[in-house]
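One chain, chain A, links the two complexes that follow: it is found with chain B in the first and with chain C in the second.
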Partner chain A sequence: MAGMSSKRLQKELSKIQGTLPPGITLVSAPDLREWTMDISIIDNPIYPPHETYRMRFSFSPSYPIEAPEVVFVACTSPERKIPLHPHIYSNGIICLDLLDSQGWSPVHNVESVCISIQSMLAGNSKAERPPGDAEFVRSNRQRPRDINFLYHDPKRAFAGGIVF
Partner chain B sequence: MKVTYTSYTAVAEWKWDLPAEADDTCGICRVQFEGTCAKCKYPGEDCPIIIGACTHCFHMHCISDWIASEASQGKCPMCRQVFKEKIANAPASPQVRTPEARVTRAQAAGSAGATG
Partner chain C sequence: MALTDPGRYITSGGQLSNCLARPPRSHFLSLIHRHTFSRCTTQPEFNRATGCFVIDEAAASTSTTPPLTRKRKLDTTTTSAPPTSATAGAEPVRKASKTKQKQVEQVEAALPATPQTLVSDKPMDSDDEVNSVISSDEFGGDADSSVGDVEDFGADDSDVDFDDLPEHDNFETQEKDLKPRKKAFEVDHKVYSPEDIQRQQDDQVAEVSTLLEQPHEDTAILLRYARWNKEKLIEQYMDGQEEVLDKAGLGQDVQKSPPRIETIDGFMCDICCEDGPGLQSLAMKCGHRFCVDCYRQYLDQKIRGEGEAARIKCPGDGCNRVVDAKSLDLLVRTDLTDRYHQLLMRTYVDDKENLKWCPSPNCVYAIECGVKKRDLTRIVPTVQCDCKHSFCFGCTLADHQPCPCALVKLWLKKCADDSETANWISANTKECPKCHSTIEKNGGCNHMTCRKCRNEFCWMCMGVWSEHGTSWYNCNRFEERSGIDARDTQARSRQSLERYLHYYNRYANHEQSARLDKDIFHKTEKKMTLLQSASNMSWIEVQFLEEASQALQRCRQILKWTYAFAYYLARNNETEIFEDNQKNLELAVEDLSEMFEKPTDQLSGLKVEMMDKTTFCNRRRIIVLDDTAKRLKDGVWEFNVDLNKPV
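Take a look at the complex of A and B:
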């Protein structure tokens, strides 16, 4: 399986080093295990266009059969904050079914995940954290993929809520 | 002018016999079907293509890895219908595991030597 993830990531990398949709940039891809991407949002006052958000993608050797782990990361230089969204916890964990085994499909890729998250932010109208954010951030020791998120949206477009 | 061939080299080309609307690239490994999946070295019958009833095609090794994973729930990665192999029209020998993904070999180009 190791061959699968590295060959496919190599292909994705050469593609995204060429062109990416507006507002999505590759920050670093030092190896084929962990990449950093920056996104910015146009047309939503909750996310001013000069603010950029950083995401860390971690790939297991069974990518793309298994979803990548994608979290927002905060840093000070350059300044990157965790975007305010009812499905993004203040520790950067994103509750999005696309990233969970329930919603993942191997035809998704780094670019399509970035586009989905970018549009999830662009379409957001609530400048707030998920319910139970403080408690979740304090108590969670699980990796994002092991968290038992409960998806409310019947169409499973976006998600929210955790089963403790 | 009279030309006499003393030798010739025949070149053959093969292609998978895929539905006309099919993509030329496997959506899972992103390698063209004429190439191998990420695990194989040589393209062709050792690394066959599976055509789904939904018309989506994948390298057999790629789709079987996906179907074997719990997350797939047996569904096509493209359209999320339950993935079923399309039943081939042609009867296949029992040893052939992927009857509909046959290699069609083009006629060897350039037949016998000619004079002209």
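Take a look at the complex of A and C:
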């Protein structure tokens, strides 16, 4: 049903254009395939309040049955960096069970994903990259949804590790 | 003492005959008083080593009465007869025991002694000792049950034990016990069709359903959660109903009525944000309501896309509720429910340790076998599916008797990887002492000139060539320690390589020959028709060719694996017996193979000979398998690798 994702995204968009929680802003939603969102973190010294991080949401036609693909993107104007986090690789790929078919629920939406990632960053105490980051970034050719992430806590936690 | 090593066999009859053969009569008398006499004479003896009954023919011939009556008769003799008659009666028994001992010795020559704990080799002089030996033997329970404990490979649901020893010495069962026994390399198994498996599941669901007073579909979810361990489920359920229901994905009911498709005013689906009037929706007992279209798409994605069935959860965020079969039936079309049930069946078989799918392509059957994973170091559970494919229940690889799974894994890995390349290099090459390039000497004198660095050195001592002075082409320099060591390592590598190649070549040869034999097998039918027209034989009469061909293939299959097995076998006396058996089988197979390839016109003349050879091959095959399996079970084999170590 191709109409399903567009109808749902239309609704989400109109809601997002109205109100969004603090620190989350919609950058652009040119079509119903790819949206860009900015988030900033309050109350965590690792992430200075003036720094903002950009995320790209890509939706497949079977969204929301299927999870969207969410990655951090870096750019120069305006300057956006990839946040330092033990579950975010330096190429922007996020290891988060929420974005995997196992942890995803069709009830989630762009807003709730943003809130989850925001709180994941806010609660972080380690200013570091995941183990094996350099190797992963160099060798990974897969799309995020095809990577076999290994979640240390299968329930809710953001975990580390990849199963190759 | 005339009898050698009387304690080797613990079987009851032999035991007693040991006592009888020894001079002090008083022991014998005390024995009569304490025990029924019957066990020492005609009772067929179950020989644990051979897995069959040894009948004491000498003793049996003295008796014409059936065992039961004989027992009673002897009982009365022992209780009522005066000591003299009892001692007189002991004479034939004693003779009998000697013949029996001979038999036992013969068997012993071919087979290993069974492990035993009770009898020592020293003569037993006191009544107490006789008594203690007899009592533990007579009542069998202790000795046998300890063995049975270890050797119990029996299927859970099957009534035949892997090692079904006549524990209770039930004389009435003698007739049954005399039937040809299951060989040590055979294992009980059952083949189930998908319908059987479905029925099995349904039966279990129905049974547990009445016990737990839960509807069928919920019971099925509970059982799947408990991996079909009924007892554990019931126990857990009784301990904490709420907790089990919650964990299984059946907790937190907010509505009591069974789920159905409804139209509710003012409902908006959280997935598609649709809120039009007349929107059909469904909510399971967790209360999370979604529209039917979204639900369908969700289920389709889970079942077809992700191959999920047993634990499809409610689409609601964080909801643990598992979608039950009834709700699913309400929502999706039959093609999807078929797939769903197929997946459920798959998880059922995967969850049960005693069930495995036949690995043959397109085969729908599953096999039940009671052999557990931990037993795999002591048994090679080969099962045959109804599709004729025989495979190992332990690792699902094609039949690899007599080689245990762990060795098969090691061997296949070794054959596939390059571990022997390094050995070849170290066995056949040396390094240039200057630039360390690897050099293979392929002829010529000892004066080597490295092509890379132009270093001139002596192949023998690896020293600089210029120091050799006049002793050209013949190194007689003093042997340095390092030189000797280097040669030792080289010799070791060479030996290891040669050893591997020895076994590998034979393994590969049988594999290839089996393939060729298979080609021949396909030609056999043509051959049979030819033979039929060439001679005056009927179709039935030329069947011997097919039998020969089948025997060839089976034997080669086994021979192949005996070489992998032998590669890992530590060298001892057992190995020699094994190699003898292997050699005998191989000779028989090669003979038969040769005959099989003879031109058709000669075949009819060879019929009898070929039939004999076929039978002989099959017999040798059984001997190899039986003997190997028995020793494996008894833990007699010594391997140069650890079977328990994961590869």
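The rule we apply is simple: the second predicted complex is superposed on the first by the 161 of 164 C-alpha atoms of A that agree within 3 Å, B and C clash if a C-alpha of one lies under 4 Å from a C-alpha of the other, contacts with A are read in each partner's own complex, and residues count from 1 in each chain.
The rule we apply is simple: a residue touches a chain if its C-beta (ideal position, glycine included) is under 8 Å from a C-beta of that chain, and two chains touch if they have at least 3 such contacts.
Keep in mind that this is a model prediction, so the values were computed, not measured.
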Q.
Per the contact definition in the header, classify A:139: touching chain B only (first), chain C only (second), both, or neither.
A. neither
Q: Examine A:65 and indicate which partner it touches, taking first as chain B and second as chain C; both and neither are also allowed.
A: both
Q: Name the contact category of A:101: first (chain B only), second (chain C only), both, or neither.
A: both
Q: Once the structures are superposed on A, label A:28 by its partner contacts, choosing first (chain B), second (chain C), both or neither.
A: neither
(Q) Looking at A:17 after the superposition, I want to know if it touches chain B, chain C, both of them or none. Which is it: first, second, both, neither? (A) neither
Q: State whether A:8 touches chain B only (first), chain C only (second), both chains, or neither.
A: both
Q | Shared chain A contacts, counted only where both chain B and chain C touch the same residue | A | 1, 4, 7-8, 11-12, 62, 64-66, 101, 105-107
Q) Residues of chain A touching chain C in their complex? A) 1, 4, 7-8, 11-12, 62, 64-66, 101, 105-108, 112
Q) How about chain A: which of its residues touch chain B in the complex? A) 1, 3-4, 7-8, 11-12, 62, 64-67, 101-102, 104-107, 109
Q. Along chain B, where are the residues that touch chain A in the complex?
A. 27-31, 37-39, 62, 65-66, 69-71, 77-78, 80
**Q.** Touching residues on chain C, where the partner in the complex is chain A
**A.** 270-274, 288, 290, 293-294, 297-298, 301, 306, 315-319
